[in-house]
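Each of the two complexes below includes chain A, the first together with chain B, the second together with chain C.
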Partner chain A sequence: MAVGNAVVDDAAVGDRPSGARRRRGGVTGRQGGVTRHNRVGYALFLPFLAVFVVTIVAPLVYAIYLSLYRDQMIGGNVFSGLANYTQALGDSLFLSGLSRVGLFLVVQVPVMLILAMLIALAIDSGRLAGAKIFRIGVFIPYAVPGVVATLMWGYLVGRQFGLAGSISADLGIGLPNFLSSGWMLATIGNVTTWEFTGYNMLIFYAALRAIPVELYEAAEVDGAGEFRKAWSIKVPALRRALVLATTFSIIGSFQLFNEPSIMQQLAPGVVSTNYTPNLYAYNLAFNGQEYNYAAAVAVVLGVVTVVLAYVVQLWTARRERVL
Partner chain B sequence: MLGSRPGQRGRPGQRRNSPALTAVMTLMLIYTLLPLAWLLISSTKNTPSLFSSFGLWFGNGFHLWSNISEVFSYQNGIYLQWFGNTALYAFAGAGGSALIATLGGYSLAKYKFKGRKLLFAIVLGAISVPGTALAVPTYLLFAKWGLINTPWAVIIPSLCSPFGLYLMRVYSIDAIPDSLLEASRIDGAGELRTLRTIAMRLLAPGFVTVLLFSLVATWNNYFLPLVVLSNPRWYPLTVGLASIDAGSTGPSGGIAREVYPLVITGSLLAIIPLVVCFLFLQRFWQSGLAVGSVKQ
Partner chain C sequence: MTSRFRRLAAGAAAAMALVTLAACGSGGGSSASSSGPVTLTFWTWLGTGPTQKLANEFTKTHPNIKVNVVNAGRSQEEYTKLDTALKAGKGAPDIAQIEYFALPQYAITQHLVNLSGTSAASVIKSKFTPAAQRQVTVNGGIYAFPQDVGPMAMFYRKDLFKKAGLKPPKTWAQYAADAAAIHKKLPQTYMGNVDPGDPGTATSLMWQAGATPFRTTGTTHVTVNLDQPAVRKWASLWSGLLEKKLVTTDTGWTASWWHGMAAGRYATWITGAWAPVSMYAAIAQTKSDWAVAPIPQWTPGAHVDAQNGGSSSAVLSSSPHKAQAIEFLEWLDSSQQGAKQLANLGLFPPTKALLNSPSWLNAPQRMLDNQKANKVLAQAGDDVAPGWQYLPYQVYANSVFADSVGHDISAGKNLIPGLQAWQKSIVSYGNSQGFSVKTGS
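Then we have the complex of A and B:
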């Protein structure tokens, strides 16, 4: 019994503030053999711990270290405290990129998530002929690399030989130049929407499928109609999935790199080297050799992302938190 | 977990199909499939036909086979090399990360070792650390260790999947009853034997799911290889294709139009393996996401 409970408690660890309802006593005071088992437990976790330290902890610590130094013409690497950070926070190139992805975040993410939710509700409704085909068809762009998706859409909406070009030339309909500076962010938003709507749809769909049938039956007995059922049963069931999808979308938006970087090739001059903060950090480091400053920019970006991801968590009820 | 949830045994009252809903959803399906259809059609065109024919219909002649052979003969067959590199990175990186995440998730779920809650909390926090923040220091660290321009520079970072660990932990709690492990221990089976004969079998569906999603992450990876590789010999397909495209618009803006069929056909070939994987392994990705979004 105690073991069973420990597992259940354990399952909810992410949802509770640390310290609340912990029962340390149970861990050590059990029958013999536990210590030996636990050693095996450590051993099984060790490979993960090793790659975690090498690929995440070490680079993170190194990034923070780098960001506190400056490479100067005279004197080489010099400790500079928070100078790189104050520079970043006043750097209009960095801030304009940041506000651009901020704009992207507040427009593209809601559009994508609402679209994904509606599709999930439609597929789950049981009123769709060939639901399976829709599920796969909408999801399949997820398997296409971002680079290929961007090249494809870039060619497709480009003026030269794409569909937009064909429509403009052959059908005589004047379409805007989607690769111009006025349209570029929307075009990139379209590419990411195309790529990830299906993935998010599946997250929502999975949440809908997990609703117990009894709940619907009870609602029907109570005389609830379709919309009533959708509103009172399905939408609440989607909340946790929505938190998960929003969190991942925030992380993804702030990391925006592949799409603008490929668009830079397709429309030279439209996408600047600081178009997104990530692109800016990349160019600082690998075209400008400003590794220290690039590290500071990356750390600021990371902090902004983590803070926003946690704000989403704070907004939601505790039991629905995912992190 | 798989196919056994009550909700999957038929919804209440089979309802009639709604033509309006089907029509709206068909529009959505057209949106998702249109670019792929365009890619497929365009890969059958040569350069003049690409520029002269309507985007969504075939042009003069059928040039798919000659386009494909052009892709494979480009720069002495470097495309095939990129394909092989991608497969290597995907299988080593995704296979390794799925295995490591499975062992780790299982140990967190089924062993009560000290500090496991703290470890798990740290790993969860790491999910929201953007890869960006890590790219520059990873490059510099790998440069120090002499790993730049080797396959290891791409494989090692793909081995760590915090989200995979999270999924496998939740999955382990669900899929392996404690009583089964107790019984196996009472029968005198060692921990590793229990893991191999009982746990691994029960965890197999979760493992395949994590493998599939890691496969996508590594196959489609662009940022990391772009940073740590500069020798075209080690490029994966994504970086290779982007480099052909970058070559197509010269520094002066002069465009080598001949390159377009190459990029288009190369892109088509690059997406086929994963699309096929997803079509055949539907059971796994569809149930796998349920674990992450439903369970706590």
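Then we have the complex of A and C:
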């Protein structure tokens, strides 16, 4: 989620000055004011830039630098050019992890976003009793750390003394083993849906609150009911929020780490060390001492994520132009 | 107002980043000059409190050497930190606890002090058992002091065996037959558990079956052979038990597993001699139900055993105080006082003196219904088969065990395909690390 937050900050920082400049341009004169304003602007910007360079740019550059070398237990550190990248692109372990998170993305993200949208629409309809409590209730799982959430669900669905185990044994219902290889991805999807539905719901809810009341009034005058208003006003108004939430979810899916890593402790024969690309890079670096190759894998993963997120943005932008 | 707040916040963030960086830079371990009193850093996952107390006792008689005991995590966790420190070139301790399977890795990459030819080597040769000496010997050099060993034995639930009308098995054939019998009599009970995430026990059981799957010649030539008759013998026994669902495949050391241990889900636990202390900490309420017997044999009447687990303590070559570190380890691991107190912490001793001491041999084991367990376990130590070697990159090999063999264990399938896949990943990793890896004998 750190990346998501960075994106939010970034957008805020990017939007603010341009808006301010537009407004000020109308009020104050051009000479003098601009340079002084610029100086203040840079001064305000500098601390952010310093932190950004130290914590985001420098590690990225270092990872790219690392990925061009190969440090072996026997033979030492040598420059290897793009060898790590060609290896990564043909590495079946990496690619299988990538396709696994791809599948996860295609199935879990729509389920979660549709659920979040329905909840946001329900709360926004104003017809829900105890809407505030419901809203905070749906959001609370997001405040639970991912590790705790995964452990909790791991125990709930565990065979030995989990809830699922007890239901299986006491009621004689043959529940499947949710920690087996056939069910594991669905179990992880369940945990992440539980964790992040509330977060996405808030994004949608905020977008719904931004709709001018006049639109509803006009629709009512035209004789539109609640469902018609939801379909013709609210859902179209959610498009930008949906793009944002989808982008976050793509990033989140490709970076899947906490949940499978904890599940690995509970079912090591099921969650392999290459279950997700991030887990693979982690194991390469910290158990295999292959920092260089892990860096290449991380860079490839980053590029894939950026490209996909960009494609989503581009695709929706084009649709918006058509509509 | 808002912009001032933003600047403050950003400034604070920047300052914090700097503080963090500075904190990273200052963790450089001991750097006192070697003439005056020195402070050694000792990474170990033995209980920090008791171990520090032990180290303080050493300082009483050696006032110039202080030892700072640090728990840097258990096993893999510690190795990750150690690797990072070694890679960074600073922050590594003077002494680290290292399990025998990980020792070759650090020895071959020359991160450990080679003790052979020094007086410490002659101490090791005279005071430790031959089996323990073999465990700290890599490519002809001696790289650590044995700290504890884990000759294998069969811990079993005597209450369940009695209920089922069985005696503890003496051979693996009998073990397999009893597995069917005990599960038939007691449907909630399985003969044992095969942990899909435990390469240590799997390789130790291969060792006990007479296998030698890993061979290193010199420092760069490695031979991997997980397709030899002894490994196949091991695989066919456990594949059969797994396919017939006579053993479970629970993940070890979890709350769920301990729950099963206490509830009688597993009739036996075949593992290293260090087990009772862990059992006592977790499931002391079942102490009158457990007993220990020698590990089942492949040939009736034979006495062949293997080591499972156990650790050494090694001096890092980056330490500025190597002589003092060796002096401390000599005291801790081989002196009568040090070794005895380590044993009191629950470690199984590798020193000849302790293994032959009548008071130790006759001590009742509280976890095993006051059985004189040390007699059984000391005999197990004498029976350890020579000739086993670990890979010079066993840490990585073990980390991917669950992907292949562990996967087949979880699925309750034949283990041969998993072994082949594990061998493949071992070979390709070794080659990518610059070793020359061959398969076959």
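Note that the second predicted complex is superposed on the first by the 283 of 323 C-alpha atoms of A that agree within 3 Å, B and C clash if a C-alpha of one lies under 4 Å from a C-alpha of the other, contacts with A are read in each partner's own complex, and residues count from 1 in each chain.
Keep this in mind: a contact is a pair of C-beta atoms (placed from the backbone, for glycine too) under 8 Å apart; a residue touches a chain by one contact, two chains touch by 3 or more.
Predicted, not measured: the structure shown is a model, and the values here were computed from it.
Colleague: Is A:265 contacted by the first partner chain B, the second partner chain C, both or neither?
Modeller: Both: A:265 reaches chain B and chain C.
Colleague: Is A:44 in contact with chain B, with chain C, with both, or with neither (first, second, both, neither)?
Modeller: It touches chain B and chain C both.
Colleague: Of the two partners chain B and chain C, indicate the one touching more residues belonging to chain A.
Modeller: Of chain B and chain C, B contacts more residues of chain A.
Colleague: Which partner chains sit in contact with A:86 here, chain B, chain C, both or neither? Use first/second/both/neither.
Modeller: Neither partner.
Colleague: Does chain B (first) or chain C (second) touch A:127, or do both, or does neither?
Modeller: The answer is first: A:127 touches chain B but not chain C.
Colleague: Should A:73 be classified as contacting the first partner (chain B), the second (chain C), both, or neither?
Modeller: A:73 contacts chain C only, not chain B.
Colleague: For A:99, is the partner it touches chain B (first), chain C (second), both, or none of the two (neither)?
Modeller: neither
Colleague: Just to be sure I read the superposition right, which of the two partners does A:255 touch: chain B = first, chain C = second, or both, or neither?
Modeller: After superposition on chain A, A:255 lies in contact with chain B alone.
Colleague: A:54 contacts which: chain B (first), chain C (second), both, neither?
Modeller: In the superposed model, A:54 contacts both chain B and chain C.
Colleague: Which partner chains sit in contact with A:274 here, chain B, chain C, both or neither? Use first/second/both/neither.
Modeller: second
Colleague: For chain A, which residues lie in the overlap of the chain B contacts and the chain C contacts?
Modeller: 43-44, 47-48, 51, 54-55, 160-161, 265-266, 268, 286, 291
Colleague: Along chain C, where are the residues that touch chain A in the complex?
Modeller: Residues 3, 6-7, 10-11, 13-14, 17, 76, 80, 83, 87, 105, 108-109, 195-197, 219-220, 249-251, 254, 256-257, 259-260, 392-393, 395-396, 399-400, 402-403, 406-411, 429, 432-435 of chain C touch chain A in their complex.
Colleague: Flag every residue of chain A that touches chain C in the complex, lowest number first.
Modeller: Residues 43-44, 47-48, 50-51, 54-55, 72-75, 158-161, 180-181, 264-270, 272-274, 283, 286-291, 293 of chain A touch chain C in their complex.
Colleague: Quick one: in the complex, what on chain B touches chain A?
Modeller: Touch list, chain B to chain A: 5-18, 21-22, 24-25, 28-29, 31-33, 35-36, 38-39, 42, 50-51, 54-56, 97, 100-101, 103-104, 106-114, 116-117, 119-121, 123-141, 156-157, 159-160, 162, 165, 170, 173, 178, 185, 191-192, 195, 216, 219-220, 222-223, 227, 237-239, 241-242, 245-246, 249, 253, 260, 263-264, 267, 270-271, 274-275, 277-279, 282, 285-287, 289-290, 292-296.
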